[in-house]
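Take a look at the structures below.
The following pair of complexes shares a single chain, chain A, combined with chain B in the former and chain C in the latter.
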Partner chain A sequence: MDRRGFLKFAAGGTVGLVASPIIWNTLYDAVYWTQNWGWIPRLKKGESEYIPTVSKLCPSGTGFVVRTVAGTPVRTIGDKNNPVTHGAMTALAAAEAELRVSPARLKTPLRRSPDGAYVAITWTEAETLLKQKLQEAGSSVAAVSGDPTSSINEVLTSILNQRGSSDFYFMPDEEQPAAVAWEAMGGQGRLGYDMENSDCILAVGAPVLESWGVVAANRSAFNRTHPVAGEPTQKLLYAGALQNNTAAGADLWLPMKPGTDMALLLGVAHLLIKAGKQGFAAGLANFASFAAAYTPEKVSGITGVPVARLEAAAKALAEAKKPLVIAGSALGAGGSAGPVMVAVAINMLLGSVNREGGLVDMPFPVSVVAHATEYRETMRKRFVNYTQAVAAGKTKAPALLLVYAANPLYSLPADSGMKETLSKAGYSIAVASFMSETCEACDLVLPAALGMEAFDDVQTPYGSGRVTYALARPVAKPFAGARSAGELFIALAQELDLELGVKDMPELLYKHAYALGAPFRAMMDEGRVFTAKTALPASPLFYNWEAIRSAASARGAEGDIQVAPVVVLGMGTAQTAIPPFATKVVTDYQLKGKYSVAQMNSATAAKLKVNAGDHIRLVAGNNVEITVVAAIFEGILPDTVSLVAGLGHTAFDQFSKGKGSNVLALTSVCREPGTGLPVWGLAGVKAARA
Partner chain B sequence: MSSEVKQFKIRWGMVIDIDKCTGCGACMVACQAENNVAPAVDGSNKLRSLNWLTVFRLSNHKPFPDHEVAYLPRPCMQCGKPSCVAVCPVIATDKREEGGIVSQIPPRCIGCRYCMASCPYHARYFNWYDPKWPGDLAQALTPDVSTRMRGVVEKCSFCHHRFMKAQEAAVAAGRDPMDLPDGAYITACTEACPNGAITFGDLNNPAHKVHELIKSPYAFRLLERLGTDPQVYYISKREWVRREGDNYLEHEKTGEATKQG
Partner chain C sequence: MEERNNTTTPATEAKKCSCGWGAFVVGLVVALILGWWVLPNLMKETKKQPIAFSHVEHVQNQGMTCEQCHFVRADGSFSGTPTTAQCAECHFTVLGSNPEEARFVREYVQTGREIKSEWLVYQKQPDNVFFSHALHFGPLAELRGPKETAAFCSKCHLNVAETDVPPVYTENRLSGYSENTMLMWGCERCHAEHMAMGNTNASNACFTCHK
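After this line comes the complex of A and B, so read on.
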């Protein structure tokens, strides 16, 4: 080929190539295949259904509509027709469809083998083992439940009672101290709060917009009373050590040192009595004279709340038509009864008991299962008293310990005796949905279906002002090998020839609905939720000033620095840990790398000689030491550091494990004077730069 | 930036009442779940995690006890004059469709990230790594929004698929798909907010709540003096919060620059 021929060939080839689709198809393919890799998940197509039900993972029983695609839940959306939560969601409930398939979800029954490792077993083997262990244990059985709103507890108590054991407990919660307080003040029913109809709420220690009570309902009420760009019809006053989420929505923040709730409330009571608010009941004079010692100046000295804000709070309550005072704990468990007693007393002074927008004396949930223990009786029992007694050898360790929907090994202080009880128990069984710390310590782990996978219910949660009843309906098949815990326990009772009076979960739920006069069929078919304003005849309340005086004698926190714990539902609960879809809600002022972040104001930082980002060592009174990272935030009291709860998990999955420290490790169990309640001792710590 | 700005009959917009937001994060979770944004193992690292909607904590910068706190959810502002559109070399992002939502087409994106540099709101995120749904998490993907791939930019779309669904429903019902009633189309974050802090609707339509809300003397937009004309408005009765929305000199007052696009 000559030169001219070569050039012709090259030119012809180039023109031909450009004119052909080869280059363009190759480019298209390159674009397509480099951006649509096989390992990027493809979307599942199918018919969408929207089925209303309620959350069993969110403590407030949030009502949501589960969107399923070809039978698989993909979204949870607030249910606007739910008369309790009115479509309001929590970060936890919003993440529930993804939690259902999270890596921490238990897929199959697991039995601990002699070498300590877990072995997957079948449900038949698991049920045989469960039955055998229960039979071997005789009456030496103990059980704890972390879901006080479920009827499944009745089945468990019935089984235990018929086996001759009375050791059934609820995990410590917000209601237990409140029930003690309400009873001490003469309350005969169950303490409820009509928050949505109040025009001025003082929440002391209780983060009502984040974790206290029926939080989705609280937020829904906040929404309705605070129109967009309009004038609020409800005032919210919040007392707490930190400007947390509740403080962000509050009209007035009272910066209160952790553990000084009693003094603050007594100071408010004193100001209200002075302002003429003296709702009469027996003991008023004695209470008034006791509260008189709590002058604004003294209270300010104890609590750190500026006098002007204390007076502003009392004035707002005095001027309100339907004021309501609520006391609670930041952690949601391990709180004292004393502050609730004073809160009840203030509501009595204001005439805010058994009237719209005030405290409500409500009926307790009733049991419908044969031989079951009544809710109220279980509420009176203290799990930590039991575990500490077992740990100390004062009570015989159970031959069988059953842990249902709870993670006590994580959510109780280290000296609660839980670890010892688990190791002393002859055999331990966890019925749970996620691989928690407690599951990892048990001999047998049984995977439980979630609320959206099985029949369950939500009976009036604590914090409500109305009797409510909602059904959790199975909207999807249980994930992998999970099974309905309720059906499991009912089948167990039947195997053991025990009498329950119900043959399955639907019948149990029907009996509950019938007892309440609730429309079971509409609840079952349409997901309707029952509510009723059922107030009991007024209880003979009195100002139990002696009980208040005893509780007020509790010692304050020790240590140079006080720890203010913060609970946020974005961190999940002890049972769920951090939901995979909520890790981005965790902020850089809560977690940094593998360290918890301690927020403190600049005065505290200067005192400790630390800057933002420095590592500091916190040493608690129980000698537990944790290392945290400092962050500067001015919305917190001096000499106080804030740590978020829900970190420091050693189990679950990569979304929770090995992140930060568990704030509960810094607390110790102590007893409240007068009531003897086990309370989580205030975490006073020594702090130094690491 | 192009001097010609397309005018729309419908302008979808959001009004966020900062005084009602308490920073719970339900909107962020709902956004991720709705739009198939992959979960992050450590989401607290905001430089690495990818959020179409992020809630920022604001401070009035005063010392204790006069300190105040507020929370500001930040979606894409769907600017009337979007700086990202002007710089995209491959028209992977555009503002053309009726409704005024700034589109983002991940398969067309070449990952140059000019749009990220030009966005004053940091509303755009780059997929540095393959998105991962460990274990069985991919089972919970919604069928509405394609998953994205490594090497492309993504951002909030005002849940555009919901707009399309609402239009389809309107057509099926014999109604005008270009005149949707208030509430017929809302974003996942609006739906999830338990405090009702987010209101969504057509800013141009007098029948929609947002039309009135943006005229509030307390309404403002972020960095509005840059001239991007955002379709996301904020409301706060607190002067210090409004000042956080832009860079003000000491003698300047807020509210003067708030004029509808």
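After this line comes the complex of A and C, so read on.
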């Protein structure tokens, strides 16, 4: 065949192929083939089940219904039958089904090899190593837990106590300063808040609709007391530096400079005393005399709150039938006890203690595990005091440090001594669900099951006004090689021949339910949540004005610019980092590219000579410097910038690592006068255009 | 310089032309054979179902209804293929003399092996197609008996109601999908033509099926 013949043959072939279905069918098949690409998510098909349980990642123990398809959790939905949260959910709990398969999820036990890299090991090897290290450590063991609502802590304290160590701590949280304050004022039980039944709430520094207390319950109560088409049945007054969601929802916002909570509360106390609100208790005269110095004008000068708003807040409280005053901090940890003391004093003036809609003197969670430390005793211990003492060489470093459900390397200030404690500890073990900064610094990392994968519980979270008890039930198998932390610790105790009095997690939960009189079977089978209005006999409260005076002498934050941290659960917690599912709710006012966004009003921007979008350097008193992007927001006080917390991770996954700066880096640990509490809620900085 | 002779005699021209058209025709025929028979068959692979299930035996001889195995769950999702556990509700032991049934009991029921995960679905759609059986079952309640139901279901599916052995499953080697998988024009017979099956009121917008 010559060239011309070949070309004609090819032309005939082309016409023939075009006239046949092969090309078109191949194109169709190619389209279907594109759906096989590995990165395309696969739908889970099968029967749906809706199983009520509670979140263990969300600090407020949100009750939710987990939808599973063929046994795999695909979605969490607010549980309308939950008597605490009434169907409300936090952004973190809403992302929990996706967090279960997050790229940062730990899949297998990891042991640090001599070259510093992690090697995957089996659970048998991990358990042997854990047992060996615990035996070698003797009594030189320390442990910290970031989950104060779990019964697993009792197992841990029991193990430590039986090994001869009393170094078990809770991570610093909102409750620790409140417990100090309540005890200082004569409280004998646990401080609770009956927000649901109050008709007027003043929240000072406590963003009750964002991060303070049982957020989901707070928001649910807010929704019910603030109907869309109707008159509100509750007044919410909020004092804070930023017009956040709590301020936006509040009936009255008191724009208060960061760190001036004490002055504002004392000013309110003074106005109430003047209005005749003088609930009698020992020390009233001295307290009234001390508070008298905080005239509205003086308080306005200190806090920046206009006198009229201050008086309006005091008037609303005085006129309310069931007023309630709450003090807290945005960060939820490292706060001061002083403002809570004054808040308690104001509630005493208003007769709002152990009364419906007021403060509640509640019983502490009970311990049912043999040799366990009582909750109250653990609450009295300060982890940062321990780590700073170890760092300074005043306390011997532990031979074994166990970190459970916590990420102290990220969530404590740089001068907390955590880094030094980890490096000085003979051996460090992290039991966690996600590869956090702390995990990356430990010698052994053990993957823990989530609440929806194992038995666990939620005992009355701080901020509640009633005793609650909820069970976390396994609705799915643990992800990859994760394992129930509770079962792991119980098995460890059994291996070491230690006495716990319980053989597994269900028995531990049963004993707790029994101690409370809770219907264990219905809780296990149907996911019911137990609640009880249990108030202790009235504590002999008194106006501890000397403690208040000492706390009021604390120095304010230094620096030209005050930093108001913003905590939103959409950013996750230190243990979870930003849930991949929640990245879509991270706004340009929180994170711009790889920089955190500092919001400020136009007056502050003009003073700093910056425009929106400019880079600025913030230098803290501890010489830590971060670069952020400026954004203009008029709902913030002059000389104040707000930074969202939860950014600046150096671990986890691509959704969190290297995104923004950790606001906690700007804070330093100092001691509150009088109580000696380690506090780091304040951060004053110098700011300049970068 | 030598002059190039570009002229040809008429006889030579006619010969070349005839040969060229022959090549064209050969090419055409070869391509048609390749395009219609050879390549399509090379691109397909036939597979057998793991068990030679007989619809005739279950429906006609045992009087079962379609809904006993193929049903919409309470949550609206569709259970198209029964699980081993569902089959074992009757076949917990060998009931008849069919060797396939005995093999099913031996290899699946007694070992817990899941038949559903091995069953080849003739019309499996990729995940980018959101299809709800429940939404397409409107006329089903008005139909009487397996025959009418089978005729309705076979508007989209192979009619297997009267088969004694499952149809051969033909899989495309490139995509991994069955050759019976309904293509988009199949959906559009109704979604684009509202009166195709009576007034279906079906939207033909992209997001109706692609979420």
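Definition applied: the second predicted complex is superposed on the first by the 647 of 690 C-alpha atoms of A that agree within 3 Å, B and C clash if a C-alpha of one lies under 4 Å from a C-alpha of the other, contacts with A are read in each partner's own complex, and residues count from 1 in each chain.
Here, contacts are C-beta pairs under 8 Å (C-beta built on N, C-alpha and C of every residue); 3 or more make two chains touch, one makes a residue touch a chain.
Since we're looking at a predicted model, the values are computed, not measured.
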Contacts of A:A94 with chain B and chain C, given as first, second, both or neither: first
Touched partner set for A:F655, first chain B, second chain C, both or neither: first
Chain B versus chain C as contact partner of A:P21, first or second or both or neither: second
Touched partner set for A:G5, first chain B, second chain C, both or neither: second
First (chain B), second (chain C), both or neither touched by A:T72: first
Contacts of A:V586 with chain B and chain C, given as first, second, both or neither: first
Which of chain B and chain C A:K45 touches, first, second, both or neither: both
Which of chain B and chain C A:H226 touches, first, second, both or neither: first
Per-residue touch tally on chain A - higher for chain B or for chain C: B
Intersection of the chain A residues that touch chain B with those that touch chain C: 32, 35-36, 40-43, 45-46, 48, 69
Interface residues, chain C side, partner chain A - complex: 16, 19-32, 34-36, 39-40, 43, 73, 75, 77, 79, 126-128, 172, 174-177, 181, 183
Contact footprint of chain C on chain A as seen in their complex: 1, 4-6, 8-17, 19-23, 25-26, 28-30, 32-33, 35-36, 40-43, 45-48, 69
Chain A to chain B touching residues, read off their complex: 31-32, 35-37, 39-46, 48, 67, 69, 72-78, 87-91, 93-95, 97-98, 100-103, 105, 209-210, 216, 219-220, 222-224, 226, 228-229, 243, 245-249, 255, 306, 309, 479-480, 568-570, 579-593, 601-603, 633-638, 653-655, 659
In the complex with chain A, residue positions of chain B that touch it: 15, 17, 19-26, 28-30, 32-34, 36, 39-46, 49, 51, 54-55, 57, 59, 61-65, 67-71, 106-107, 130-131, 133-149, 151-152, 191-197, 199, 209, 213, 216, 218-219, 235, 237
